[in-house]
């Protein structure tokens, strides 16, 4: 007959031994870490031994007292607390996240034990005491357990999805969902199904999912995502005449709330014209105030795909090295429109005005005057 | 998030009961419908924001560059399926079939969790493709809109699983069938909102 | 639970962990779910914030009394006017009307409590904590300084780097939660818990107006919730919703804000319309003229109120079509408002008027609100509005509407219902002083602002300059000084009210059962009402049920008294219900509400704190969900004998 | 009895009330909304005056009805009145009458709204940019008015009389609102959007205005003035603005001032034509430390009457009132004289150069500048020595 205290110490010994093994095998071990963990194992085994030989003996005598008349229901908290303790130690030598998990587990254990201790002393009626305990702890146990369950599924599942290819992802997704529904259907049409079978299925599924999740995490992201993250290719504008592989993929064709825009640039019959807010008629130049974000809409009314490029002078990128400042819309098809926000800090150097033009359409440009 | 938790509370906060009600609806049900009405306005505001800003991408990716419509269609279908299983749970609850109720609640939650898992996957993928939360107006409004919906689903999941535990341990004060029905109402609402969001985001091109 | 006698009672250490079923002292208030106690707490909270907001107003007026005022610096002044408006709108008028609605709606419709008593308690605590949270910013680096309308992008982190706007946004989020929960609660109460025979068109007009207000709240608050979320995400998490360099449209905020903000105006004013629609008939000794018209005009205001928001944006450059349309819809809303004024005047017409303080305030509302309403019509004319908007003319307009309208209505309600709430009469003589000082003070403060505005003094300026004040004795400097003096007179008026409350509490006259010869159900119970309101729920056969139980027409068509109020009450008590189950007090509402500001603080300062707050919210929400509304036997100490019902107390 | 007396005295009372109201207003308030000086403001005025009159009459009717009831129906011991619930016919009548009045007002409003938004007959365009807490005006080229190169100025908007001017407004930071009451109603300058505002002045003069959308700390100090000049005077003004830069004479105090200016001021302020010693033109670039990075162009500073967002006068009070109060015939000449040394308001200008944020609040809490990426708004305290200030003032005086 073990008391919760000795259970805790047994568990902590076991877990620290386990984490020592894990540490030596998986993490790049350092002498300090190893010493710490070995010390921990030694200390906890000693304490466990002492407790087992002394405290448990007393516990047997105490059994007459009212408070412990009925042994509390089997509790997982000693295990959680011990796990927390080991996690804290492992965390100090590995990563902070592990440390935080450990702290949370220890805090949870402390709360559970404190409330249990309180409630067990509150009256002579065990069921009443249990109800007091539940009143305090159920409100936190239900949502937290539910949340942990949900979090494990979400996390594992999303890791698996991230690791496999895009097409396989959709298939895996639908297969998983169908499997869930089918199992539900199966159980509901065969209510006489043995409980143990259902439990086995559930446990297997859970272990499988978590295992797959951890494995996928080790595997990392699928390749195209890694490449995308490295190259950031959608943000890299390519303002030339040709269609670029990434920047021109997936074109937006409409703009909402166009009423406040500074000017609308249209390509009609090979001609580039500007309609400026508030000014009658078509213009061949627009005024953009310096240091001020100005919104321009480009509308393509010609057959074929065109983009609007803004040539905004040069900027110095290193000593003596100048680079053209160019920004542009995507290649858009006939009837489509796109939004371009320009912020120009300096007036143009005389003789080299800023311009808006359409690559591939020669001799057409709108001068951007910056006073 | 508070709304939905409060709902769960609403679901048990009846003291006059249906017998006295002037409209014939129970207080809880009337309250739930009103709450869902207010939620419509909340999502209405978020959807308007998204519709206004979806074309404003700055130098970030555009919607059609990152969206994976086949995948989102599949995951929308999964969420719709969970509405079906929720209907089964509610009907079992009305038949006082505890075993089936529990089963279908869990199945609904699992399908819902699969959906949220899919959303987390998509968000991570988008992030890697260069679409961070503060990259552009489009990305901010996209994440806020779908994120709010995701939070609603997640809260629904926690309520479903907690309800399952409470039913099992006989902890539900008030009518069990009505409690399941209220959470069901919420769940269907969240599903319908997703159908609207999915249509606007993925099916109508920007 | 078979043998209750064998229980050892829980130790005292366990006291805090048990359900607070029987409460005394402060616990009686803190854990209560009784709509009347909550109503009183709402009112007390609102009154506290009224004084805070009033102090801010006085500082503003002192600063502006003379040119180039030096009392406040620009930064402090901007915080002051932002917080004055925020406090008065969200923390005074709204909670005060919520207090009245909480206290009187169940009484007026013959219910024993609201539909969800614990949600009711939660609403109150969330409001209180939200209000305190917003004001906490004064001590943590400065309050919000962007105006209560908080236009983007001026509210962004670059233009307002202190945490004031964060406190403001999150605090309003919390009070918004309170309003939303309260609105759903009261709508369900009104729709579902009316006494037998209380058809919708027999409901007292205050209940009707409150119903409209709760619908407005339920649908307006979510919109501001969205706007505030966008603002918080921008300020705290780097989103770009109002960042123009990323292509954002600052008008998005204005639309979201005013779609909430315009219905909000009716949320503030309609309850007072309801109150004086109760008071005028009582003291005119005749029913409200055109009850259905008043009801439908209230509903019409609530409905059309959704289609006028852009009249706050006539100067924003919306384009002529929107401007013209919103201009016309704004004029349209003047019609139902005019209907109300006509009906009140015609209620007085041919009556037998008794000028109590409540009546004086009600008549004051008719006249002063009319001025505010008419100045509103002048700037529904959009071109004219482009001259007047953002000048003191607008300040004059909405203070006539909100002070001359909403606040006078609330004071009318205090004097009218004080005996009902506390069983004592407020002193009528002091009441008279209170009324005249307030009316003179408010006309002196806000009247000159019409002139200031029309002669070109813009709002929200921390200083005005003599340069632009014009010439002559009655120049803008003169009127600024008059307005400042008027504000001090207004303060004296409010002071008289506080003195009156104090004196009444100590040595006020005990109220008779029916001091005013009232007409509606809330007077068909003792003063103050018992915890369960009515010993037996009355069956309603008329609009103005109470009046018709007391009076009937004789053969000549003259109204004659057929019963006294005491006799009517006695009849109810004689048929008292044997057992009345009332909901039990609970810890959870206040704990849940407390989690909100903790989370909000965490959002501003540290994520772990936000998580901690979230845990509190989750914990108390589930604690709540697991707790039955009425406490079971085991919650009592010693455990109850199995019958938790309270015995009906017989009065008289 | 009393009621009959009141009835007879009504015209008298109304007349007195009207007179008292008019007499109780300031005379010559610079921003009076009832004194239109141009066709746009005039249109608003002719719409709002009748509306005010109608509102006033309705107000009096309601007030009289209430007062009458109070006197007539006070409790004199009469029996409890009949419990009448109203009179639907009367109700409907009293609903329809105000609806009809508003319908009439609505028709006129509708017409005026579209009238005021007409831009097709614009004769001159000026781009107006709001910034915390001043206005910038740039005039695109316009051959009809001799503007051969874009002109850029601030503080005072100069327009020719009798010309339909379109202001294309926007803002560099927060929302501002442009308002010259004598010329037109206000129009917000919204960042990222262009809003349109048409003004036209009937006669020469200075028309005061004030930013009317709350725009932060110094909102109260963001003023503007519109200066209307006759067409000939306007041409002279344009010619002066287009005049090339004249460097101060060698070894003069002003020349030393130019050096100080080059070192201290050109980070933000542009003076067209100013060159460095090596002859390269100085182009002021938005400074990294300044939010939204642009400051008033000072090319012809002394041709203006005000500085720092029209908050301070460049003219001494005497000289200022000489210009403001001159007859419209002589106004143009006096205005075009600009600021001469004896007329220069030395106190405010020196104070401004010494410590600008002290004269006009720019940022609430310098400690929080770090939170905004260390960006100043408005002119910082440059810590200039008195001798530098002396030199700068001398230099600025040459910027005619």
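Each chain gets a letter, A, B, C and D, in the order it is written, and its residues are counted from 1.
Just so it is clear, a residue touches a chain if its C-beta (ideal position, glycine included) is under 8 Å from a C-beta of that chain, and two chains touch if they have at least 3 such contacts.
Worth saying up front: this structure is predicted, and the values here are computed from it rather than measured.
*Asks:* Taking each chain's centre as the average of its Cα atoms, which is closest to the average over all protein Cα atoms shown?
*Replies:* C
*Asks:* Looking at A-D and B-C, which one has the bigger number of contacting C-beta pairs?
*Replies:* B-C
*Asks:* Would you kindly tell me how far, in whole Å, the mean C-alpha position of chain D lies from that of chain B?
*Replies:* 51
*Asks:* In whole angstrom, how far does the Cα centroid of chain B sit from the Cα centroid of chain C?
*Replies:* Distance between chain centres: 33 Å.
*Asks:* Could you put a whole-Å number on the gap between the CA centroids of chain A and chain B?
*Replies:* Each chain's C-alpha centroid was found; their separation is 19 Å.
*Asks:* Touching two or more other chains, which residues of chain C qualify?
*Replies:* Touching at least two other chains: 244, 246-249, 251, 317, 319, 618, 621-622, 624-627.
*Asks:* Any chance you could list the residues of chain B touching two or more other chains?
*Replies:* 52-53, 56, 58, 162, 166, 171, in rising order.
*Asks:* Which chain A residues sit where two or more other chains touch them?
*Replies:* Where chain A meets two or more other chains at a single residue, that happens at 138, 142-143, 257, 259-260, 293, 295, 339, 341.
*Asks:* With touch defined as at the start, can you tell me which chain A residues reach chain B in the complex?
*Replies:* 134, 138, 142-143, 145-147, 149-150, 153-158, 161-162, 166, 169-170, 173-174, 176-177, 180-181, 183-184, 187-188, 191, 221, 225-226, 228-229, 232-235, 237, 246, 249-257, 330, 338-339, 341
*Asks:* State the interface residues of chain B toward chain C in the complex, per the touch definition above.
*Replies:* 1-3, 5-6, 8-16, 20-23, 25, 27, 30-31, 34-35, 37-39, 41-42, 44-46, 49, 52-53, 56, 58, 133-134, 136-137, 140-141, 144, 162, 166, 171, 173-174
*Asks:* Help me check something: in the complex, which residues belonging to chain A touch chain D?
*Replies:* On the chain A side, the touching residues are 259-262, 277-280, 287, 289-295, 341, 345-347, 369, 371.
*Asks:* Which chain C residues qualify as touching chain A in the complex?
*Replies:* On the chain C side, the touching residues are 1, 6-11, 13-14, 17-19, 244-247, 249, 251, 317, 319, 615, 618-627, 634.
*Asks:* Note which residues of chain C are touching chain B in the complex, please.
*Replies:* 111-113, 115-119, 122, 177, 180-181, 183-185, 187-188, 191-194, 198, 218-219, 221-223, 225-227, 229-230, 233, 237-241, 243, 246-249, 252, 256, 581-583, 588, 596, 617-618, 621-622, 624-630
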